[in-house]
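Pasting the structures in now, so scroll down.
Below are two complexes that have chain A in common, paired first with chain B and then with chain C.
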Partner chain A sequence: MANDREVLRMIWEGQLALCFQADPDEIVGLQQPENFYLMVSRLSYLPLVTDKVKKYFSRFISDSQQDGTVWFDYNGAPLKLHYPIGILYDLFQEEGSQPWCLTIHFSKFPEDSLVKFETKDLLESYFMSCLKEADVLKHRGQVISSMQKKEHNQLWIGLVNDKFDQFWAVNRRLMELNGEQECFKYTPIRFYNEDGTYIQKLVSPLTESGKKKTVKDLLDELSTPKRKAVGAKTHGIDVHSETHLQWMSEHLSYPDNFLHLVIYYESV
Partner chain B sequence: MADNETENTPTASAEKDNKICILLNATGNVPIIKKRSWTVDPYKTVSWIQKFIHKYLKLDPSEQIFLYVNQTFAPAPDQIIKNLYDCHGTNGKLVLYYCKNQAWG
Partner chain C sequence: MSCMSWADFCQESQELLEMSRRLIDTWSWEEKTSDEGQSYLVYKQKLSDPLTQDLIQIEYNIVYSISYQVPIMYFQAHHSDGKMLSLESVWQLFLFQKDSQYSREDMLSILTQMEHPVLFKPYMCLHPCRTAEILEQMPHSKNRILTFISIMGPYLQLNLDNGYGLLCRGEGEYLSDDVKNLPTV
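After this line comes the complex of A and B, so read on.
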């Protein structure tokens, strides 16, 4: 694992330029606030990087809305607070232009389409749950359950504080193979649809004949008689069709240990 | 529970082939639902199941239901049952544990 450490570093350093604008209906007073610009890690989550944004805009809204749960939308589409920012961008900003302009809201939380994460602790326990689920798929959960609480914390703190070495010192073990294993048992992977939902299923990193599965094999697996899967994108990259799934899992997974792939389909 | 409430509750019978069979286990200090096996629409979410349990047990609004898959992890409230079943189902069933306090973090 991790012979391609430079790749891990490049993925970690992937950033996006965001531009936050106010919801005009929430602004009190005559003057509209200026937009707020921010560079954020693709791997992080909106609630982790928007404290300053929230503080800035809260000066322009009424007192009664100060305690509301903050949420964001892009072109009217509410953005899930527990999806990594990189996947939100890859899903909704297809042209790849930046800065990516989002609107911040302090009221009218869309309970039907978004899950509230009122505290960072809630987001942390969701993140840890993802890691556990991923390890169940990769190693029957044996690696994560053998770790100490402080090692679990180190993964989260490493992500929150953008510390590559701190995160990877622990994550390395989650990406290791057991003994003679050539691959993980299953690949933790989420396939995103255009509407922002995703499907998850058991995906072996090996084909039935025991060869390492490639992106092309994966797309064939996802294709149905009605629609053909023609491409997969993650971290803003259209992944090459010959890339091995096992390599992707080790190098292109988000910190939650899942591969998050936007899949493109063509009607047949 | 009346079977004609299928819109709002899991159904008692498992005939509909596209439905998913879930097994509800109580854990910790929480009342037990006698009927453990239910079938649900594959696109129902985790939070829908949580609300169902909450209502079924007539819990106080201040009480919360936590749900775990195979005693290991807590899925996101908006995760759909189909995704969980496809990855973690065993012997044709998805085994879920529910409790009132965080159990497996």
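After this line comes the complex of A and C, so read on.
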């Protein structure tokens, strides 16, 4: 079970300073609105934290340009609305400088490249499907399916309202080990490439000889004769190579119960 | 759990493709890389929207789910003017049009818009959480992909020709080629 509570708390409290600017092509009138600044949780999703931003800019945008669902870009690249904000930042803001400047758009939603969440319950449904998938990997899905609907809701509401205790009261059960188990069956994990795509694999938290797998073991597994995996980053942290994968899964997973790691490669 | 390995998925897909060729159907195989989960089956068809008569183009992808170790159905639907159908319109079109007892909550527990795990583009996805259970109830299935499509497909107006069933049972062979090659006494 997750017992380094201070670590959980620090991860939960990780924030980013964002700066939003308008798309000049969408502005009516001569005056450009001022930028909008916001501190957001790394663990949250853009559609959950941008209601105020949307309301502020909508006064400057003509009605004909407002077709309902806003989206954001950084340096021209549309940002996935279903990736936690912390991953977007770790992927695209390489220098790690803040505030991170994004442009908000009210029209021309890029439906070929972004999943569209017209309402928050669509994002909730996506989030719940990630939790289920993670539990299938960890406990063959037995924990999440034994929970009641109101406990599922509590996870989502805890995230939306940024309530650590509310979220962890339920999430701790998802992070527990069954009976005598020393580790999860598989580690829910996504490996991000620098282009923003990711791969999933079945990753056991143990090595073939039954020892706890470390980040170094993981990087070796991801290396090919052509390219060597040399580092893994999550929550803005370059994870130490001796860190156990099982510990990471319990403490460094995002609320969707997946570890999201940006992997750095060097060509051999 | 009735798990399917990646090798099983590839092999049974190839069998399905062979049946499709013999039945002059149009299933195809897309291979991005040879890595696990990075190839999938594709089928396209056009449907007429019963309300607007608009011709809707649908692309179905049967992808391998690494986590669930079962096939998983992704699809995308476009209007004739190229616009993508929203989750609600798809729900109206396919699923429980006449059955008003299905709520929005039901819809969200069955269908989700997700990112295609190979293409990284938005697709609709039928939740895979019960697929293993369903396949488990068909222990004698000779081709689990065919079984999967036959069970899930009709919900999405993807109806396979009966010929697949015959071929899969071996009767198709008997009816077509083998009849001609039977030795004469």
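Keep in mind that, in the parts below, the second predicted complex is superposed on the first by the 267 of 268 C-alpha atoms of A that agree within 3 Å, B and C clash if a C-alpha of one lies under 4 Å from a C-alpha of the other, contacts with A are read in each partner's own complex, and residues count from 1 in each chain.
What we mean here is this: a contact is a pair of C-beta atoms (placed from the backbone, for glycine too) under 8 Å apart; a residue touches a chain by one contact, two chains touch by 3 or more.
Please read these numbers as outputs of a predicted model, since none were measured by experiment.
After superposition onto chain A, the modelled positions of chain B and chain C overlap sterically.
When both complexes are overlaid on chain A, the residue A:82 reaches chain B and chain C alike. Residue contacts after overlaying the shared chain place A:10 against neither chain B nor chain C.
A count of residues in chain A touched by chain B and by chain C gives the higher number to C. Contact with neither chain B nor chain C is seen for A:237 once the two complexes are overlaid on the shared chain. By the touch criterion defined above, A:39 reaches neither chain B nor chain C. Within the superposed three-chain model, A:28 lies out of touch with both chain B and chain C [touch as defined at top]. By the touch criterion stated above, A:118 is placed in contact with chain C alone, chain B being left untouched. By the document's definition of touching, both partners, chain B and chain C, reach A:132. Contacts of A:199 after superposition: both chain B and chain C are touched.
Residues 80, 82, 115, 125-126, 129, 132-133, 136-137, 141, 186, 197, 199-202 of chain A lie at the contact with chain B in one complex and at the contact with chain C in the other. By the touch rule above, chain B contacts chain A in their complex via residues 47, 69-70, 72-78, 80, 82-84, 86-88, 102, 104-105. On chain A, the positions that touch chain C within their shared complex are 80, 82, 111-118, 121-122, 124-126, 129, 132-133, 136-137, 140-141, 186, 188, 196-197, 199-202. Taken in their complex, chain A has these residues touching chain B: 80, 82, 115, 125-126, 128-130, 132-133, 136-137, 141, 186, 197-202. Those residues of chain C whose C-beta lies close enough to touch chain A in the complex are 1, 35-37, 66-68, 83-84, 86-87, 104, 108-109, 112-115, 117, 120-122, 127, 129.
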